[in-house]
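Next up, some structures in structure tokens.
Shared chain: chain A. Partners: chain B in the first complex, chain C in the second.
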Partner chain A sequence: MKSLEQIKKEVIDHPIWRSMFRGGKWHDTARDRAQHIIGNVWLHLHPAKLRKRAVRFTYTWGLGGLSFGLFFVLTVSGILLMFYYRPTVELAYQDIKDLEFVVTTGAFWRNFHRWAAHLMVLVVIFHMIRVFLTGSYKTPREFNWVVGVVLLVLTLLLSFSGYLLPWDQIAIWAITVGSNMASNSPVLGAEGPFSVMNIKNDARFMLLGGTYVGESALLRFYVLHCVAFPFLAGAFMIVHFWRVRKDGFSAAPLDPADRNEEKLDVWPNLVVREYLYAVLILALLIAWSILVKAPLEEIADLNVTPNPAKAPWYFLGLQELLVYFDPWIAGVLLPTLIVAGLAAVPYIDNNPRGVGYYSLRERPFASAFFIFGIVMWFVLIAIGTFMRGPNWAWYWPWEDWIHHKPPPPPTWSLPNLAGVLALGCYFGLGLVLPKLVRKDIPFRKACWTGTAAIAAAAVGLKFLLAALGAGVQLGWGQLLWLVFSLDLYYLFGFLMPQKHIRDLSWARYVLTMFFLLATIGVMLKVGLRLGFNVKYIFSLQQFSFNI
Partner chain B sequence: MKFRELFFNKIFTLTNLFFLGNFLLLFLFLAVLAQDSFREWKPFQKAYKRLEAERIRGLMARTGNADALEAELKMVRSQPVMVRQILAVDLKRVDRCTTCHLGYDTIVNPSLVNDHKAHPYAAPANAVHAAHPFDKYGCAVCHEGQGLATTFVDAGHMPRSPAQRAAWEAGYRWKTVEFWQDPMLAGSLVYASCSKCHEDLPDVPGIGIVRDGKELAFRTGCVGCHQIRGEGGPLAPDLALETSVKPVARIDFGYAVSRGLISRDDRSLENWIRLHFATHPAVLTPGDPEGKLSPDPRQPQPVAPSAMPYFGFNKEQAESLVAYVLSLKREESIPHSYRAAPAGKPEPRFAGAEAHGRYVYLKYGCAGCHGENADRGIPIYNKLGGRAPDLVKVAGTYTPEELARKIQEGVNPEAKEDESGPTPPIYMPAFKERIKGKELADLVTYLFSVGEKLEDW
Partner chain C sequence: MADDKLTPSQPQIPAPAAAARPVTRRNFLWTAWGAFAAFLGASAGAMGRYMFPNVLYEPSQIFKAGRPEDYPLGVSTKLLKEQRVWVVRTPGSIYALWARCTHLGCTPNWFDAEKRFKCPCHGSNFTIEGDVIAGPAPKPLNRCSVSLLATGEILVDKSVLETRPGFREKSQFSIPLAGA
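Showing the complex of A and B:
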């Protein structure tokens, strides 16, 4: 009776097996293991050996690999779905129903594809967060971060284009909301500022192949979703992986002088871990897809607008911003700034510390700013998803949308002169003040005293208004907003940069402060609107410039 | 410490996780296949085969004609278990109802009649079915529901009674079908579908409910305010249009749900119509009489509640009206060759002017506001006096010419009771385009005949 080990050895050493996997007899030596990686077309993107720290789950959380893994299973399940799906207005919805009710495992694959797509968006975002927090984008990996930003955008576009294909009510209205943003682009959109286009040749027309979401839009989105975007994503992924390999994996030695750090064989140490993460996420997805059906509403009907019509969840943050800004600002300018700002990150951040490990301490400003941005993004998404009901009115999650709500209190706008002054002070002072104050401010003390002063001033204002019996009073909720906003500006817009980035070159400093002030500014505008019903701070109707 | 070592070195090892993970995947893969192969409709098909086999064996025992029946038994046993569907090509419908209702599958049961008592296998002889071959019409064009579905809930089954509903909830985990506009028409409501093609209600047993509804609607005077395909009053929605194109998402169930008149899940066009007869419509559509929902509270724009009165129909009357209103629905997708044009009906003849006048009174829906016998005006929100006039009381205060002019010109706008309140929701419309000549004269005659005579001073 042969032992399992013997059988395994015999199989591996069998001529047929050896003919499939390059190399001679398997001796399970370091050389063999390296050869196994190098000699395999799929595996050879890996190095043969890597640092021990690089395989730690808590460093990468497997997120990059999982992003690719999800892309892979999405491709496979997508190909299966393509066998049954015809992208025409008459047939698309019925084909989805057929998948649901008749096709063998059709419902499962549809659920799987849908949930895997949502998960991929999440995982890609978390991968970006991980890469940021470990400083992995720093020299020499700047460009690979930019490629990653492109891949993030492509992931969102892949998901967004797939949204339309079931041709149900969620589909066309999410795409309608999304594509309407395109028509608000400056110059190129029919409804944007400085428009040189009409609705029959603007950016939205190009996207939809028409003036509304119809047959051509479905075909376009089908081709984009099934061919164009996967092709582009694949191309960029190849560059992304190749650069990871060429630039070196980011878990760099803490001490560059130490050349004798212990290294592990990638086969099997890394490969088995990658496999395990893939299995884990697959198991999670399969179980979820068995239990939870993918949404499918009534057949698409352009005559029936759902109220509210919501974009896909990852764009709900931008849709929520439509409340606070002009459509072209919320839908075009801000996303462009976000993407441009993300792409610029490795070129602006020249802090050499904190590469290859989590270190909030060594990169306090960069980490704090990035986390603030991410949290704000998800808070806006959460508001858009859970707090917005019919007419985009504020509904708490426990309130039923079916009940009628009185409209929100009327809004008011600042006079333009005051608005210009406020904005000028905000940006002008914000841009120069932290750099001009050269002396060291004791940070912690300044935090507390400043916050206390702001709180005291706000409470004082409240009681002053009450004592004067003025026409305008300050509620407790408004008081909180006021303290929060001023404190945010003071801590984030002044103290933090004064302490950490005042020594940057002017160009870097101004760019950083611009992005920082813009980010805080969005938050402050949200507060002004929700807390004080301010519609616009500054408004130039002629140029659709309303903020 | 010992346990930690044991755990990490012996149990939580990569090798163990590798095998565990693979088994987990295999298990889940099998779970997917299991979920896919245990489909709700399969047991129904198997049970039907058993029933048929039993029937044939019983027949064998009784008649002794074993040889001939053996072939039939073989055929029944060899029927594959599979999704069955009817492609109604002209109607652009695919109906999979016969996947469970095998008695109505032309291959499994060519006669389309059987003696099985138990649902879903029963196929009693039915003249309407006989006249509409299933392979041409399918099922859902008349019965409604989601023909594409192969599960009980998704098919949009609707219970006939609370008892059946409870039984289904227990037996099939029934709930209303989500995201499908037209759930099935339960019970005799199915006769509302006849008029999709046969605009004149055909003479088939069971259609009485629709006829009753039509007759009741005529006496109630619905067309005084509502239109039916453009015919009728200008004050309220066109009933045919509403039933044909109004999606459930556009119906404001907010007040009905918050007042507990209907549950969220039961929102449907059918129930919306039903609520109008079962409860006071002003509860369903209370408007905004105080202007609380106005965009700017400093300039309130009050909106009156629904003007439709509560007519106090009993349950049977209400159901017949539901059937009638549903029968007004038109489907554009039905080809013209399927439709039987209505035969033009001659106006009925009457012996005297008064009888004709009464017919005119009902025909134009005067009864809707002034009462079937012209003696009970309906309440109207914020109208001066609060209600439509009782014609029997006021007819005598007019001369015949004045009354005719009033009918022709109407009263628009009506005077308000409270000046700051909303505009009264309805007014007396001008009838000069519709009631004229002999009809007008006879209507006036009728009104004077029922009106109280003023005492001579």
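Showing the complex of A and C:
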């Protein structure tokens, strides 16, 4: 009887095994550990050695690897689902029902695919946040950040295109709303500003292959979801990983305390960690998919809109903004600006400090702006998810949806001349003012005195209007919006840039300020609507061009 | 040009014509890359055009909605499920509103007690005429083209729409009811 050790030795020394895996007897030496990484096609994406800090969990949180891991298990579960799913209006919903109730483990795979997709969106977003906060997009990694932004967009597109396939109510209405945004694109959409198209040749028609979400739209989204987007994502991932490898992995710098630090062997130190995270998240997903069913509503019906009709959670922030802006802004312009702004980040931010570690202090402006944007995005998502009920009215989470809510108050628009002046002043002065002040304003002191002055001025205005008995009076809610808006502009649009980016070159400064003013401007418009019932600041109805 | 005339006995050496000049490397490459770019552009254009179908298998946009007498005063939702249209009867006229919110295409609901259409997607509110009174919708609801057939039935065409006040009251989009 041979011992297990002997059998193992014989297998490993066998010519067939050797032809597959090469390498000889394993000596636990640095050379063998490096050879193990270099000599393996799957592992050689790693460098042989890494700095200690790069391997630490709380540095990368393993988010990039987890994104890929989730993409991998989504591919596997997606292929399994494809064996039973037929993308036609008559069959799609029935096939999903079959997966739920007839196919062995069918419900599990559907749940798994759905929950893994949601998790992937979340993990990819957090991966971006991590890379931003550790300054890992700076030289020489600028372009790889752009590739990452493309991958983020592709992740959202993958998730969104899969949303239609179950052909239930929430699917068809999410895609109806989403594809109508395409028809609101300027010039190229039938309903957008300065449109030159009609509903049978505009951008939405090209996307849906018809004038509404029907048979051809389902087939198109199926092909996009199962073939086109995964193919594109795969291509961009290859570029992304290749560059990660060429740029020396995560941007962990030399430990300043120990200039001669020994690097760690990637095998087994990093590889073991990667597998550990992958196994943990897989276990979590499997448990979650066994316990929680993926939602499935009634079969799609174009004549009945569910009330409320909500987009998938990651687009609920934009859906919330659709209440305050025309679709061409909230659905087309703002997403474009967000993606363009993200892609431009490494080329605008030329601050060389803060690469490879978390530091808010060394990059106060960049961090504050980015965190402000992310918080705004998630707050809007939370409002759309938890606070919106039937007819998109505001319901607190503890309120029952049967309660009747009063309809929103009637709105009014600024006269166009006043609107143009207001917009011009906002962007013009916003660009020039922080550069005009040459002397450094002490931030903390100015922050409080300014806020106090704004609050005092607003309260003064309220009582002045009351004393004059003017036709326009200021309510307390309006007062709050006024103070919030002015203070937001004062702190983020004036004080921060005045202190931190005044010395940027003109091109960088103008771009930064444009994105900053646009971000703040979104909040200001929300304030104008909620506090003062303003519908449009500027409006050319005949061209559908309303701001 | 008598000097140029050569005697037949002499061998004739033709002067190189401008067109026969050898093609330079630079010009050849310009032409070749240009042709390649044109080919790629045309291919992309062809693929883009391929995505626009020429024949649509969508249901007809024209339907009969019964007689005006079938409708009581107010908003009728009985055709909503099948045709996505509200038939509205006022004391003087009858018209058909297309039940598609002008914001992003959801189907609003009619609330008779409040005399409003309310959209479930982003909270737009419309009057019985279709005018926006609250929420983000940029335009009033669309009215469908309507006509009265010889049989006394209403013919509704959802492919001909009008939203502008002043135009939507014209005969094509509203049937006057004398003495109703």
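By definition in this document, the second predicted complex is superposed on the first by the 512 of 547 C-alpha atoms of A that agree within 3 Å, B and C clash if a C-alpha of one lies under 4 Å from a C-alpha of the other, contacts with A are read in each partner's own complex, and residues count from 1 in each chain.
The rule is simple: contacts are C-beta pairs under 8 Å (C-beta built on N, C-alpha and C of every residue); 3 or more make two chains touch, one makes a residue touch a chain.
These numbers come from a predicted model, not from an experiment.
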*Where does A:E362 make contact in the superposed view: on chain B (first), on chain C (second), on both, or on neither?*
neither
_For A:N180 in the superposed arrangement: first (chain B), second (chain C), both or neither?_
second
_Tell me the contact category for A:P407 with respect to chain B and chain C: first, second, both or neither._
both
*Which partner does A:P306 contact after superposing on A: first (chain B), second (chain C), both, neither?*
both
*Does chain B (first) or chain C (second) touch A:Y275, or do both, or does neither?*
first
*Would you sort A:I286 into first (chain B), second (chain C), both or neither based on which partner it touches?*
first
*Thinking of the overlay built on chain A, is A:N546 touched by chain B (first), by chain C (second), by both, or by neither?*
second
*Should A:V323 be classified as contacting the first partner (chain B), the second (chain C), both, or neither?*
second
*Go through chain A and flag every residue that touches chain B in one model and chain C in the other.*
303-304, 306-307, 407, 409-410
_Going by the contact rule set out above, which residues of chain A touch chain C in the complex?_
173, 176-177, 180-181, 184, 191, 200-201, 205-206, 209-212, 214-216, 302-309, 319, 322-327, 331, 390-393, 407-411, 541, 544, 546
*Can you list the residues on chain B that touch chain A in the complex?*
14, 17-18, 21-22, 24-25, 28-29, 31-33, 35-36, 83, 94, 96, 148-151, 154, 179-181, 245, 247, 249-250, 253-255, 257-258, 264, 292-298
*Given the complex with chain A, which residues does chain C contribute to the contact?*
48, 51-53, 56-58, 80-84, 99, 102-109, 114, 116, 118-123, 125, 133-136, 138-139
*Where on chain A is chain B touching in the complex?*
94, 97-98, 101-102, 104-105, 107-108, 168-169, 268, 272-273, 275-276, 279-280, 282-283, 286-287, 289-290, 296-298, 301, 303-304, 306-307, 400, 402-404, 406-407, 409-410
